[in-house]
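Several structures are given next for inspection.
You will see two complexes here that share chain A, one where it goes with chain B and one where it goes with chain C.
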Partner chain A sequence: MSIVTVQLGQCGNQIGFEVFDALFSDSHCPQGLCSKRENEAYQASCKERFFSEEENGVPIARAVLVDMEPKVINQTLSKAAHSGRWKYGQHSCFCQKQGSGNNWAYGYSVHGPRHEESIMNLIQKEVEKCDSLNGFLIIMSMAGGTGSGLGAFVTQNLQDRYSNSLKMNQIIWPYGTGEVIVQNYNSILTLSHLYRSSDALLIHENDAVHKICAKLMNIKQISFRDINQVLAHQLGSVFQPTYSGEGSFHYRRNPLGDLMENLVPHPEFKMLGVRNIPQMSENSLAYSTFTWAGLLKHLRQMLISNAKMEEGIDWQVRPPLSGLPMLGKMSLNKEFHFNTSIANLVILRGKDVHSAELGAFKDPALYTSWLEPVHAFSVWKTQRAFSKYEKSAALVSNSQFLVKPLDMIVGKAWNMFASKAYIHQYTKFGIEEEDFLDSFTLLEQVIASYCNLGF
Partner chain B sequence: MTQSVVIQVGQCGNQIGCCFWDLALREHAAVNQKAIYDEAISSFFRNVDTRVVGDGGSISKGKIRSLKARAVLIDMEEGVVNEILQGPLRDVFDSKQLITDISGSGNNWAVGHKVFGSLYQEQILEKLRKSAEHCDCLQCFFVIHSMGGGTGSGLGTFLLKVLEDEFPEVYRFVTSVYPSGEDDVITSPYNSMLAMKELNEHADCVLPIDNQSLFDIISKIDLMVNSGKLGTAIKPKSLVTSSAGAFKKRQEKPFDAMNNIVANLLLNLTSSARFEGSLNMDLNEISMNLVPFPQLHYLVSSLTPLYTLADVNIPSRRLDQMFSDAFSKDHQLIQADPKHSLYLACALMVRGNVQISDLRRNIERLKPSLRFVSWNQEGWKTSLCSVPPVGHSHSLLALANNTCVKPTFIELRERFTRLYKKRAHLHHYLQIEGMEESCFTEAMSSLSALIQEYNQLDATKSMPAEDLPRLRVAV
Partner chain C sequence: MGRRRRRRRVDPADAARALPEAIAALSQTLPAGPSPETFRRAKFDRPEAAPAFWRLLFCVLSPQLPDGASASFSPEAQVRSVKLALRTQGYPRRALAQLPDDGSQGGRELLLALAWLLAREPLPERLLAQNRVQLGDEMHVCECEALASPGPPAPSVEADGCVDIRHLQWLMGKLRFRWRNLMASQQEQCALLGKIHSYTRGCHSDRSLGHLSVTETELLRDPEGGRQLLRRLQRENARLQAALEWRRRELVFWQWMDTVLDACPPEASQPTFLPRIPTPAAGALEPLVRELQALQGELREAVEARRAAWEAGVGGRGPEWSAARTALREAVGQDLAALRRACERGGSLAQPHGPRRLVRTEAGAPRGPGLRAPEVIEALRSREARLEVVLRRLQGQCRQELARLVGALPGLVWILPPGR
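And now, the complex of A and B:
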C-alpha cells in the first residue's frame, strides 16, 4: 500500500526532500546485509510505498508540495531533479506569491479556504496514482504560518474527504529560545486543531535534534540541512519496510494502520516521540560494533528516563516497584522523573535481529495500568539493515515524553495571551480570543491526562 | 515572490533613495551574473523594452533589457530630482513616475501636508496606481523621508493616509530621518511632532534614524581607517558607507556616506525575502513578529559589520563579534541604548555563510545581558539568507522593538514644547487653510500617549517575571 506525503511550508518542504532522499538512498544501498532477493523485495516495497513509476525509469516521489511563496519549492524541485536518481512530479506543487507571514490565522482562514480546491485536487491526483492508499504523512512545522495554519486546515480537509484513510502528522517542534516570536501561539492553535482531526502526531523537537548533531554526530557548524538529515534518518528508520510478523518474510502492507493500532489505543493520547540508537557520523560508524543487548539496554533507559539521545542518559531513574502505589501525581517540576508509557513500538533492523531479547520492555511497571503489556508493547524485526548501520533500533513511544515541552509552550503562550500581545494580528483574520481559549482548554486537558498516567 | 514600491519624498528622501537604487543595482549585478530577469530582481525592478512606446514595454522573463526602478519620486523643489535625472542613474527611473513643483515647502509641514497634499492628491494616486499595476503581487510600500523639513515631513505623511485608503492590504514601511540636536531648521520640532501623529496612525512599521548616529558611525570608521593601527587594509568595496564599486560611478557628495548606511539597511531588510536561504523571512513577518500592539511599531535598527578587513578567513570569533556589535549602542542607527532598556521583541536577520548553530550560540551568549518584557522572554525572530551583501562574507541586521526609543520621543516633545510655549513661528502654520491650534495639541496628545505606553512597559522592567495561574481542567 502507498503513502502520500504532503509537504507544507519551508520546513515541511526542506525536510520532505531529505526524507525522500534518505528513503531512496537506503533502499538502493548495497550493504543491506541480506540476500539479493531480500534486498530486491525491500526495494520494491519501499518503492511501492513512496515512489511511483515513470516512463524513463526515474522514480517520482508520491508527494504534494505546498507553499505560499515560491523560493523554497523551486529549490526543492531543482535539488531533487539534480540528483538524477529520483524527482518530484512536475505538476505536484502548489505555490502562491505571498507567504503567510508567520500568521496561523492567515494560513488557516485565508489561504486555506482560498486554495482549498486546488490543493485537494493535487492530493487527489496523487492518490489516484496509488493502487491502494494506506494513508497520508503530513510534514509541517508548528512555529510558522503556512506549515502550521494551512497544515491544520489541510489535515481537517483530509479527514473530511478521506475518512477511511489514516493521517499521521510529522510535526516539527521549534527551538525553545525561539525562531519566531509568535511561535507559541501558532503552536497551540496547531496542536489543538490537529488533535481533533489527525490520527497521530509524531513529534520532532529541534532542540533535541540539534543536540544529536552536536554531541553524537560531532558537527561543528550545524546547519538546517544537518538537522533535516537527522530527522530524515529518524523517519526512515520508522517507515522503511518491515516484516509483517515474527518469522514472516513478507513486508508489512499496512504500516500506518499497524503503527496506529499499536500506539494509539485511545484518542486522548496521540502524541508520539521517536528515539534512535545508535546515531553517529559515518566516520565513527566504521569503527564501532554493537550488540543488541547493549543497544536495547540503552534504549530502554532512554525510554524510562526520557532521554533525548544516547549520551548523558540518567541511569538513576528506575521504574517504580510493581505493586507499590505511585508516589503522587507526576510533578512537572521534578527533575528525575520516571516516564510512564501507554504503548511502545520497537523497530529493529540488521544482523542477527532475531536474537535480540526484548523482555525488559514488557515489564508492566513501564506502562500505565489500563493496558496489558502484551497490548502495550510491540516489536518489529527486519533482517535488512538500514542506512549503513549494521544494527539499528528505533523506538516510537506514546508516553510522557512530550508533556514537559507541551507544558512549557502552553505556559509561555498563556503568559503572552494574558497581556493580549499580538492578538490583533490574529483577530484581523478571523481567529478570536475564544479560539485561543478553546485551544488552551483542550491542551490543558491533554497535559493533565498524560500527567495522570502513573495511576 | 512579491514586489515592493519605494516612494522617496523630499530632499532627504530622494538622496537616500538614490543611494538605495545604486546599491540595489550593484547587489543584483553581483548575484545575477547571467543578466537574466528573475524573481529576485523583479521585487524592486521592472524589465522594460525601451523601444516599445507607451506602456506595453514590460517583459516578465528572459534577458534583462532595461531595468526600471519601482519608484515614485516626489519633491516640491526641482533641484534634487533634476540632479538625479541628469546623473548616471537617469535611465533607472521612469520619467513619468515623478511629481515635482518649483517653490518648495519652506520647511513648513502645513505647506507640505495641506497645500501640496490637496494640490497633488490626484496625481499621487495616479502614479501609485500605475506602480501597483506593474506589480504581479504588491506587498509593500517603502516610504523614505525626513521628519524635520516640509516636503518629506508634510507631504510624505499625507501620502500615508492615501496609501492606507487606496491600498489597505499593502504594508507601509516608513524610514524616517529624525532631526538631531543641532538641526539648523528652527521649525523642525513642529514638523516632526505633526508628522509623528501621522506615523502613529497610518504607518505599519517605522524605522527611525537620526543623523547624529549616522555621523558618529562614519567618524568612527574614518578613525579606524586612518589610524593605521590595523595591520591589514580595509577592503574598499566592503565599506558599507562607500559607493566605491557602485554600479554607476557618481561623484561622492557630503551626505553620501550616511545615506549609504540607510540604503544598506533597506537592502538587508529585504534580502531574505528576495534571496533564498535556510530560514526565510518575508516582509509581512516583520510586522507580525515585531509589532505586539498596533501603536508600538517603532523599530530600532543596527547594522554590522560596517567594514570588513582584508583577511579572507573569518574565524568564528569575528562572527561572534558581529553579534555583540549589533547590540552595542555605537551601532544603532538612532541614539538609543537597547541593552539598558526593555525589549519587546527582537529580530536578527543574518546574511551569508552563517548557520543555525552560530545563531543559537550567540543568542544564548547575549540573552543574559538583555532584558525582555515578561510576556515575551524568548522573543527572538531569526532569519538566515544565503546570499551575503557585496564585499562581505556575512552581515547582520538587528531590528528591535525596544523602549529605548522613548528618549528620542521625549526629547522631541521637549523641543516642541519650548517652541510652542512661546508661539514662535506658529503663524506660518496657522495661516495655512486647514490648520488650527488643535492640530498641534492633538499631535502632542498622540505623542504623549505613545510615551505613556512605553513608560508603562518600562515600569514592569524591575518586576520579577511571574507565571500566571493557568486554566484548571477537570480530569
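And now, the complex of A and C:
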C-alpha cells in the first residue's frame, strides 16, 4: 500500500527531500546484511510505498510539494533531478509568487481557501496513481507562517475529502529560542487544529535534533541540511519495511494503520515522539559494534528518563515500584521525572534481530494503569540492516515526552494573549479571540490528560 | 409421519444394508459427518458418540466459519454455541439443554436434534449450496446471510471491578482504525478486480460473461491450481451424488429414527417430537374475530376522544391558525410516510437472494440478464440515507439528554470533546 506525502512550506519541502533521499539510499544500500532475495523484497516494498514508476525507469516520489514562494521548491526539484536516482513528478508542485510573512492566519484563511482546488487536485492526481492508498504523510513546521497555517487548512481538507484514509502529520517543533516572535501563537493554533483533523502527530523537536548533531554527529557548523538529514534518518527507521508479524518474512503492507492502531486510538492522546539508537557520524560507524542488549537497555532508559539521545542519559530515573500508595507514586514521579507511557512501538533492524530480548519494555510499571503491556507494547522487526547500521533500534512513543514543551509553549502564548499582543495580525484575517480560546482549552485538556497518566 | 407408503417385500440382506448406506450417504453431505457406527452408538446413548455429534451440530449450525476454524473453539464453547443456536431456532426438547457442557454425554438427544433439523428444511442441499465451489468473483447484494446467522457466541469477559473509561475509548479507537483498514482493503480489492476483469476482456468462451474471473485467470496461469480446482470440483460432485443417494434412501432412516425416539426413557411432559401446526377447529376462529373487532372499535373511540381533547386544548381560531394546522398536518403526513418507508424491508430489490457473480460489461453493450450495478448502488444509497436520518434523530435525542443533565447540575462547566 502506498503513502502520499504532502510537503508544506520551506521546512516541509527541505525535510521531505531528505526523507525520500534517505529512503531511496537505504533501499539501494549494498550492505543490507541479508540475502539477495530478501533485499529485493525490501526494495520492492519500499518502492511500492514511496515511489511510483515511469517508463524510463527513474522512480518518482509519491509527493505533492506546496509552498507560497518558488525558491525552495525549485531548489528541491533540482536537487532531486540532479541526483539522477529518483525525482519528483513534473506536475506535482504548487507555488505562488508571494510569501505570507509568517502569518498563520493569512496561511489558514486566505492562502488555503484561495488555492484549495489546485492543491487538492494535485493530491487527487497523486492518489489516483496508487493501487491502494495507505494514507497521507504531511510534513510541516508548527510555528512558521505558510507551513503551519496552510498545513492546518490542508489537513482539514484531507479529513473532509478522504475521511477513511489515515493521516499522520510530521511536525517540526520550533527552537525554544526561535526567531519568530509569534511562534507560540502559531504553535497553539496549529496544534489545536491538527488535533481535531489528524489521526497522529509525530513530533520532532529542533532543539533535540540540534543536540544530536552537535554531540553525537560531531558536526561543528550545524546547517539546516544536517538537521534535516538526522530527521530523515529517524523517519526512515520508522517507515522502511518491516515484517508483518512474529515469525513472518513478508513485509508489512499497512505500516500507517498498524502504527496508529497500536499507538493513537484514543482521541485525546495523539502526540508521538521518536527516539533512535545508535546515531553517529559515518566515520565513527566503522569502529563501533553493538549488542541488542546494550542498545535496548539504553533505549529503555531514554524512554523512562525522557532523554533525547543516547548521551547524557539520567540513569537515576527508575520506574515507580508497584505497591506504593498512589500519593507516594506521584511524588516519586515528580522528583525523578519518570516518563509514563501509554503505548510504545519498538522497531528493530539488523543482524540477529530475532534474538533481541524485549522483556524490559513489557514492564507494567512503564505504562499507565489502564492499559496492560500486552496491549500497550508492540515490536516490528526486520533482518535487513538500515542505512549501514549493523543493528539499529527506533522507538515511537505515545508518552509524556512532550508535556513539558507543550506546557511551556501554551504558557508563553497565554502570557502574550493576556496582553493581547499581536492579536490584530490574526483578527485581521478572520482568526478571532474565540479561536484562540478554543485552542487554549483544547491544549490544556491535552496537557491535563497526559499529566494524569501517572494514575 | 406422512412418509409411510405400502411396503414392498425386500430381501433381508438388502434391508440390513439399507440403513447404514442411507446414513453413510447423509454423512457424506454433512461437514464432519460421523460414521454409521457412530450413529448406531448414539441411538444407545453411548458416551463415545457424543463428541462426534456435538462437533457435527456445531459445524452444521455455524456454517459461516471457514474450514478448520472450528478447531479454535473449545469443546465447551462448541456445546454452548449448539445449545444457543438450537434454542434460537425453537428446538422443543428440554433434555438437550440440560446436557452437561463438557460434551461428554447426550448422543441420543443430539441424534434427535439432528433429525429435527433434517426434517425442518433440506439441510444437505442448503449446506451444499453454501459451500459450493465458486468459479466467478462473487459478492452478496442482499444482507440476509449476514443478518440471519448470529454466529458463535463470543467469550464473555468478566470485568473485575471498575473499568477505566479511557480503556474503553482506547478500544473504540482501535475498532475504528480496523474499520478504516477494512475499507481500504476492500477498495484495493475492487481496484484489482477491475484491473483483472478489464485485462482479460475477450478471453472467456462464454460470450455473455466476456472476461475471466480471478479463479479462472489463476486456472490458466498455474496448472497446479487447476488440478486443485479439479479435485475440489470432484469432491463437490461426490457430495452431490451422496445427496441424491440420501434422498432416495432416507425413508429407512426415518423409520429407524422412530425406534430411536422409542428408545428414549418415557419421561413425562415431553412435548411432541415434530412441531405440529395445529389445525384450528371449525368454530374456534369466530370468537377471536369478534373480540378483535370489538377491540378495534374501542381503539377507534379512544383515538377520537383523544383527538377531540387535543383540539379543544390547543384552541385557536382564525385564518393563521388553520394555515398553521394544515402545515402541521402536512409535516406529520410526511413523517408518517417516511416512517412507513423506513419500516418496509430496506427497499430491497425484488431479486432472489444469494451471492452474485461480478461481470464487467462495456459501455453501450446490450443489456444482459441480472442486476445492474447502478440499481444496486441506488438502493444502497437510499438505504444509507434512511439510516442517516435515524442516526441523526438518535444523536439529537442524546444531545437533549446531555442538555438535560447539564441543566440538572448547576455550577458545572462542560467542555465538549474536540470535533467539528
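Just so it is clear, the second predicted complex is superposed on the first by the 443 of 455 C-alpha atoms of A that agree within 3 Å, B and C clash if a C-alpha of one lies under 4 Å from a C-alpha of the other, contacts with A are read in each partner's own complex, and residues count from 1 in each chain.
Please note the rule applied: contacts are C-beta pairs under 8 Å (C-beta built on N, C-alpha and C of every residue); 3 or more make two chains touch, one makes a residue touch a chain.
Because the structure is predicted, anything quoted here is derived from the model rather than measured.
Once both complexes are superposed on chain A, the partners chain B and chain C fit side by side without clashing. By the touch criterion defined above, A:364 lies against neither chain B nor chain C after alignment on the C-alpha atoms of chain A. When both complexes are overlaid on chain A, the residue A:373 reaches neither chain B nor chain C. Which of chain B and chain C touches more residues of chain A: that partner is B. In the overlay built on the shared chain, the residue A:454 is in contact with neither chain B nor chain C.
When the shared chain is aligned, chain B and chain C each come close enough to touch A:441. Once the two complexes are laid over each other on the shared chain, residue contacts for A:164 go to chain C alone; chain B is not touched.
By the touch criterion defined above, A:133 reaches chain C but does not reach chain B. Using CA centres, the angle subtended at chain A by chain B and chain C is 140 degrees, rounded to a multiple of 10. Touch criterion met: A:412 reaches chain B, while chain C stays clear of it. Between chain B and chain C in the chain A overlay, the least Cα distance found is 8 Å.
In the superposition on chain A, chain A positions 441, 445 are in contact with chain B in one complex as well as with chain C in the other.
Residue ranges on chain A touching chain C, taken from their complex, read 1, 131-134, 164-166, 192, 195-197, 254, 257, 260-261, 264-268, 369-371, 375, 441-442, 445.
Residues 10, 14, 69-72, 75, 97-99, 101-103, 145, 175-182, 210, 213-214, 219-225, 227, 410-412, 414-416, 418-422, 424-425, 440-441, 444-445, 448-449, 452 of chain A are the ones that touch chain B when the two sit in their complex. Chain C makes touch with chain A in their complex at residues 164, 166-167, 169-174, 176-178, 180-181, 183-185, 187-188, 191-192, 415, 417-420. In the complex of the two chains, the chain B residues touching chain A come out as 1-2, 39, 136-137, 139, 276, 278-280, 282, 284-285, 287-294, 316, 344-345, 355-358, 360, 363-364, 367, 374-382, 384, 467-468, 470-473, 475.
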